[in-house]
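A, B, C, D and E label the chains in the order they appear, each numbered from 1.
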Amino acid sequence: MTLVPEAYVVPLTLFSPLVFGVLAWLFDRDWVRETLGVIGAAVPLTVLSLAYEKASSGTISYTIDTGVFKLHFVLNSLSWYFAFIGALVGIAMAFGLSSTSRRGYDWLFSLMSFTGVMGVFLARDFVSLFLFWELMTFGSFMMVLRRNRHESLKYFVLSVIGAYSMLLAIGMVYAKTGTLDYAMASQTLLLLTKMGGVSKAYVDTIFALFLLAFGVKAGVVPLHVWAPGAYGENDQSYTSFFSGVLSKAGVYGFIITLFVMPSLYGIYFAMGTFHGHLTGTYLIAWAGAVTVVVASFLAVLQEDIRKLLAYSSVGQVGYIILALGVFNGVAVGGAMFHVLSHAMFKGLFWLISAALILRTGKTRFEDFGGLAEKMPVTFAMALIAVLSLAGIPPMAGFASKWLIYEGAIQAHMPLVAGTIFLGSALAFAYVVRFLYAVWFGQRPSDLDDVREAPLPLLVGMTVLAIPNIVFGIAPGLAVRLINRFFNTNITVNSYYSISTPTGTYNALSVTLVLIVGLAIAGLVYIYGANARKIKVTNTYQSGNPVTEEYNLVIRRNFYRPLAEALDFWLKYSWDRFYERLANLSEDFADWLREGFYNGNVQSYSWYLAIILLILAIWGVL
Amino acid sequence: MNGQYASLLVALPLISAFFVPLIKGLGGRAIKYYLTLITALQAGVAAWVFKTVYTTGKPIIVMAGGWRPPVGIDLYIGHFAALFVLIVALVSFFMAIFSFDSVSTEPTDKYAMLFLLLMLGATGMIATGDIFNLFVFMEITSITAYALTAYNKTGEAAEAAMKYIVLGGIGSSFFLIGITLIYGSTGTLNMAQLAQLAGSINPTVIKVGLSLLVFGLAVEAELFPLNAWAPDAYQAAPHPVTAMFSAFVVKAGLYALARLVYLFSHAAGWDFILKLLVIMATLTVFAAEFSALRQRDVKRMIAYSSISQVGLIALALSVGSQLGVQAGVFHMINHAVVKTLLFLTVGYVGVKVGGTGIENFSGLGRKMPLTAFALTVGALAAVGIPLFNIFWSKVWIIIASIEQGYAWEAGVVLAASVVEAVYYLRLIHTMWFGGWDGMRIRESLPLGTIALFLVLLILAIGVYPNPFWTLAKSAGTDIFNVSRYIANVPLMGVGP
Amino acid sequence: MSVPHIGLYYFGALSLVLVGIYGVLVKKNLLKILISLSIVETGVNLLLISVGYITGRSAPILSEGIGPKQAVDPIPQALVLTAIVIGVATTAMALSVAITLYEKYGTLNIEEIRRLRG
Amino acid sequence: MDERKDFGENDGVIHYELQEFKLFEPLFKWARKKSLWIVAFCTGCGGIEMPPLATARYDFERFGIMPNPAPRMADLFLITGYVTPKTLKRIIITYEMMQDPKYLLAHGSCPINGGVYWDSYNVVKQLDKYIPIDVAIAGCMPRPEAVMDGIMEIMRKIETGEADGWKRYRENYEYYRRNQDKLFGEGWREKEAKRWLAWI
Amino acid sequence: MFDWRLILDAIGILIYALIVGFIFMGIERKAMARIQRRIGPPIYQPIIDTLKLLGKKESVSHGFVYNFGPVFALGVSITALLFIPIANFQLFSSNADLIVVAYLLEVPMLGIMLGAMSSGNPYSALGVQRGLLTMVAMQLPYGLAIIALVQHWGTFKLSQLVALQQLQGWSITVPALALAFIVFDIVFQALLGLEPFDIITAPAEISMGPMVEYGGKHAALLFTQHAVQLFAETAFFAVLFFGGASNLLDLFLKQLLVLFIAIFVASIYPRFTIDQAAKFFWKWPTIIGIIAVLLTV
């Protein structure tokens, strides 16, 4: 830790992205802006990796006294873990942005949300959490505002409702405990619950408000409405950060309410139990389960690549919430690991979609096709991302999902575990749909001159692809880090093998046997006659001759039968519900204004008379 | 330079107002230069007073005619008064510069006179230590406000002025009834002595008296049912005047309200008054925000937003805890800065593009980039985005109100500020990403510098609020801590 | 201060105020409203004067026969002076606004003067 | 242009070279004999004779024969009945799609010499000019027994190596190609495909 | 470090599984034939078919992924096989557990899908769509059955599962797990792609579904994959519900039992359309699964 003195670790990680973002916005020259932006994203990564051993053993704390509040930040192993994931996806986003967006505006607000997220992870007291939460929301909102006003307003209103419910909860905690720091607030809150100073309803409202606040950002089902719009109508390489890391801020919020405020854990016992599980966490588990199912079903039926990835991201974060709700050691360990793997493969997915949209300019599945030959490297990255998201053994996605399976089934929450099975099958389905529609089959004529993705974007992709494979083959690495801040009873036998009380998974042996199996299959393949390549049109159409004009591919309504099977449920949509609510409130506003300020002096003086009447009555009593 | 020079604060505008007709002969521009000069001088005096009060820590007591307080009328310039008189002076100085090219209707000498009297009225209301003197200064402010609202000589301006007169007239008459009742039972008009005697007055008289006082001031401070005149007055008045209305005229009313309410904290039935004020304040925020939602006229929209922020300040002041009052004062400062910037920029767009309808604002980012940038910063600050100044005060107000048990009211206020975010961000979107008719307008230098100064001030407070927070804290204790107020005023031991 | 029939004056003043308020609330013509406003002001002034009255004492004009002990409490009298001046100023202002209103709207019925609303 | 030209280019020669298995050739020959998969493409009136073969009475599955819809996997191609030019186009395309050791069994007299439709304008009189035939079964729609006998004949020919229709097609592909183009005209595949495009 | 005994075991089991797998496919066709009172092909017919396909003189390909698909499918099937405790050979099952094997048994579907999709044939695209939908439909009951099982025995390790069942009797004997057995058996039908749920390769409708463009050695690869998969799945079924086996013969008999149940069901039922299959899976098997799961919690 010689290179970066300890006192500068936290401020550097916190404020360097914002500072460089402002610089990039000011010096809006072509390559100056990109270098500044990438440096801004690289600084947190380097500083954090240098501060690894100091942060994982002890803690680095840092306070800013702004007079009005004391903002207190601490870098311990938990916040280091989240911050490092954020920084990693951040550097990938920076590389992606340098090729997909040519505007200082994007750099300023993406790096502002980067600072916001870092602040949220490192915050140790409520007000700094709230401040950086608002900053993060504002930054990401401005990125969406430029492209689509309606979606951005929907996103902003929902996140501001979340933020303000958090402020209400903070106010209620402060009212009872008088402090804003996590630890002290939780200690006093615990004492109060013990001595009965705080009613159960009070604790329930605090919990509900926190659940609402963090649920909005994590995209739990009733509150996920903003996700497809906000993730879709955005510069895709920024969305890799937006959906990869900003949703983790919501997850981190859940962790705060569940773990970081230890005594709040005690409070949960005050909230009573529901046949064996804490009601609070049981609610979170079911919220996660519903999110997984609903979001995955919606993802499967989407026609637009951005919408599919957005709903899939909501679904995957639903897994994490579910695992947190299950609340036993293994499941929470699985949740933390899934935070890492989701950030990796979802970030990778969004960068791939950025490359696709950048090169082809199209976003709907029916316009894509046969890009595997034209963009081979991006295709390889897409395969890695697909394998990881679908949870195929050698990839990180599988390891984390495996832990979540184990945890959920062990904790005797059968129906919740059932939803995981359904969710992972749906994930498999929409991922294969993405592969089929974009990469294989007949290539539309206007995509023939598509070139490979630009170099910076490819570098960004590799930055995210490598951890997918590394943590896939060596899950022990990540679990050892997670065990440092949570006592998940997952034992790490070696780098490659992790085992829980009821099962074990040796990633290396699975990979080796897989390679051996592939070798055997390869041998059988080589033995046969060497295959010759034939054109796409030389295909069996019950004997009819086929030319290029024929459409040999099913890219639209790929899962039409599933939509027919589900048409009972698809009638209801949360989106229309919120739209009606918004119009209702705007009409109420119109009615109120027309009614109250109706321009007639007489009615105004009647209002005065009414108030006088009230005062007179009160005065006489 | 002992304390007595502080009386210049009141004397200077008064005398210079009456010199204006003499200068009328030299032509319109000369009057405006004269006006700027006077407001600059006033700002200098206010700054000197501010320095002395904050360095010595003791308030300046100016005794009219050398008589000791209960007999003579005294100006009590404590921490709050010093701070706010400086804000009044500065804002008037900026508006004087702004009125160079925004006020064109011909009797500019009348305009200058009214301008100075308005500033005088507001300064007086803040500085006075005597309730009848407060009534007189309130009347001066109101009458000049009526005149200035009607200044544009259009039908709407006259209509707005008429509404303001009718409602303001009723309000001030009942305020006077309140004063008579208080005077009848205590025999004194001096605030400090009133605070001492507050406990001993018989309950019904003090209840009716205090409620009427509060009613009178509530009309001036635009609380919910009584602020029907405000949006029309703001919209119809000339642009610099609207900025002055929202920056300090309303604040003076609010300060007087808070001062009187906390003076009578020992009186019977006091907490009902506080509860009533809290409810009225919450309703103000709620009604004003929702009415601003689908506004076609940006100036009226910002008027509603100013009314709602004033409601928020009223909530903070009437929460009844020291923290609440301090947060309220801090919000007063922030609100003054932000609203001046907003009305300045909107007014300037109204003058240059002709009309403040929302269609004139589309594509403003490319038409008048500096004004658009200032307006955006002002709007974002008003919404309460972190790194801007209102964020800090809003957080404290919410926490203070929840601490006093008003969680539901805090909830309603937060819901309303979500609505505020919606209409401000719609404005920002139309400005930066709306259609653009191609021609770029040159922006004037002085106003640009004022706007930039205010933007820098907003960002300074937003990034490092410590100095301003300590100012607000001391000003807040000055209002809340009545016993210190009584100790500071040298009372002659006379009276019943 | 507590004078038996003083209640009469208070009652008179308050009734004047109530009459004025009634006028503002009910009448449609703007001038009638302004007149009722000034009625309210006179009512308030009357109340202010009657508060300072002490029975059996003469007006507070210091001459040889009347000293501070024989005179009524002078302060409300002084206050009333300023209050009257303020009343005059407000009414004058209101009337000038009414003139411009009549010019622009062609009517004084406040039902029609409603361009600024919503 | 990828160097290994795609099959069916009209330069008269098939370029790709076949795989010659040395070691396991006898085993593969036996396997080819014992598992013949029939392309599910009943070209003419004899198609109705096919299902009885699969029923309990004749059951050609005993000999490892299985109907298989995809030409890529199939070996045996049954031409069941008269062949019109329209069907012949499909037959040629399916035949070329089948992978190499493939055998052709022509049913009835029509593929041999036009049979009953000897003077019809729309029937291919001699199928042999366009597609090499391994075994032809007589009879105006041979009964299932005759078809079984034909299949036995093909299996015997595979055994002895005589079933070399696919080799003949490769060697003098140019002859077959010329006949086909003479019948249908040059580039008939594109013209045929374009004709149906309007309906798809 | 390599313990040669394990590797020899693995190779032996692999060959054994390949042969027995082909025999199972043969038995399947033979039993279907016998039910239809036909003689049916010899038991080793699939071996002959695979040899013939391998022996094809030419081979056609639509690009790298088209070739990689079947190879990946066979590779993963072999991996899945080697992680199941076959009779007394533990193979690699100490390194993985129930969830890993369950996942590995489903991944070959991705391999076949990869190849089929890149072949650019509409029929194969339809086959892929139906294959995925079947998998999505059957995943919920499949999961519920596994959850019921694990909640009863409390462990995921297959070897431990087998040991427990040796001690306390097979899973079938436990009432709740009998329900799970029924659910798992219905799902097993879809896993194998047999009659009621063989919508994937519906021969009449979409000509062999995904495998339409496969010929020659690719088809041979797919056949071997199907054989290994068949053996692995029946072994997995036996391990879960019939308490594994002490020796190969015992395992073979249990696998036959499972296979015959599947064959009898397959030879009777007509084919479900895909949304009927989805609706069916989400109704009856899921309800039974939920009952089973609630009984064991």
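Here is the rule we use: a residue touches a chain if its C-beta (ideal position, glycine included) is under 8 Å from a C-beta of that chain, and two chains touch if they have at least 3 such contacts.
Fair warning: this is a prediction, and the values are worked out from it, not measured in the lab.
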Chains adjacent to chain B and to chain C under the stated definition are A
Which chains are in contact with both chain A and chain D?
E
Taking each chain's centre as the mean of its CA atoms, which one is most distant from chain B?
D
Go through A-C and D-E and name the pair with more C-beta contacts between its chains.
D-E
Closest chain to the protein CA centroid?
A
At the largest C-alpha centroid distance from chain A we find chain C
Distance between the CA centroids of chain B and chain D (whole Å) is 97
Per the centroid of Cα atoms for each chain, what is the distance between chain C and chain D, given in Å?
117
Taking each chain's centre as the mean of its CA atoms, chain A sits from chain B at a distance in Å of 45
Distance from chain E to chain C - Cα centre to Cα centre, in angstrom
99
Where does chain B touch two or more other chains at once, residue-wise?
162-163, 166, 170, 231-232, 291
For chain C, residues contacting two or more additional chains:
21, 24, 33, 113-118
Shared-interface residues of chain D (touching two or more other chains) are 16, 18-19, 70-72
What's the complete list of touching chain pairs for this entry?
A-B, A-C, A-D, A-E, B-C, D-E
List the residues on chain C that touch chain A in their complex, please.
21, 24-25, 28, 33, 110-111, 113-118
Of all residues in chain E, which touch chain D in the complex?
29, 33, 36-42, 45, 48-49, 51-60, 203-204, 207-208, 211-216, 219
If you look only at chain A, which of its residues touch chain C in the complex?
593-594, 597-602, 605-606, 609, 612
List the residues on chain D that touch chain A in their complex, please.
2, 4, 6-8, 16, 18-19, 41, 70-72, 89-91, 93-94, 97, 189-190, 192-194, 196-197, 200
Which residues of chain A touch chain D in the complex?
528-530, 532-535, 538, 540, 542-547, 549-551
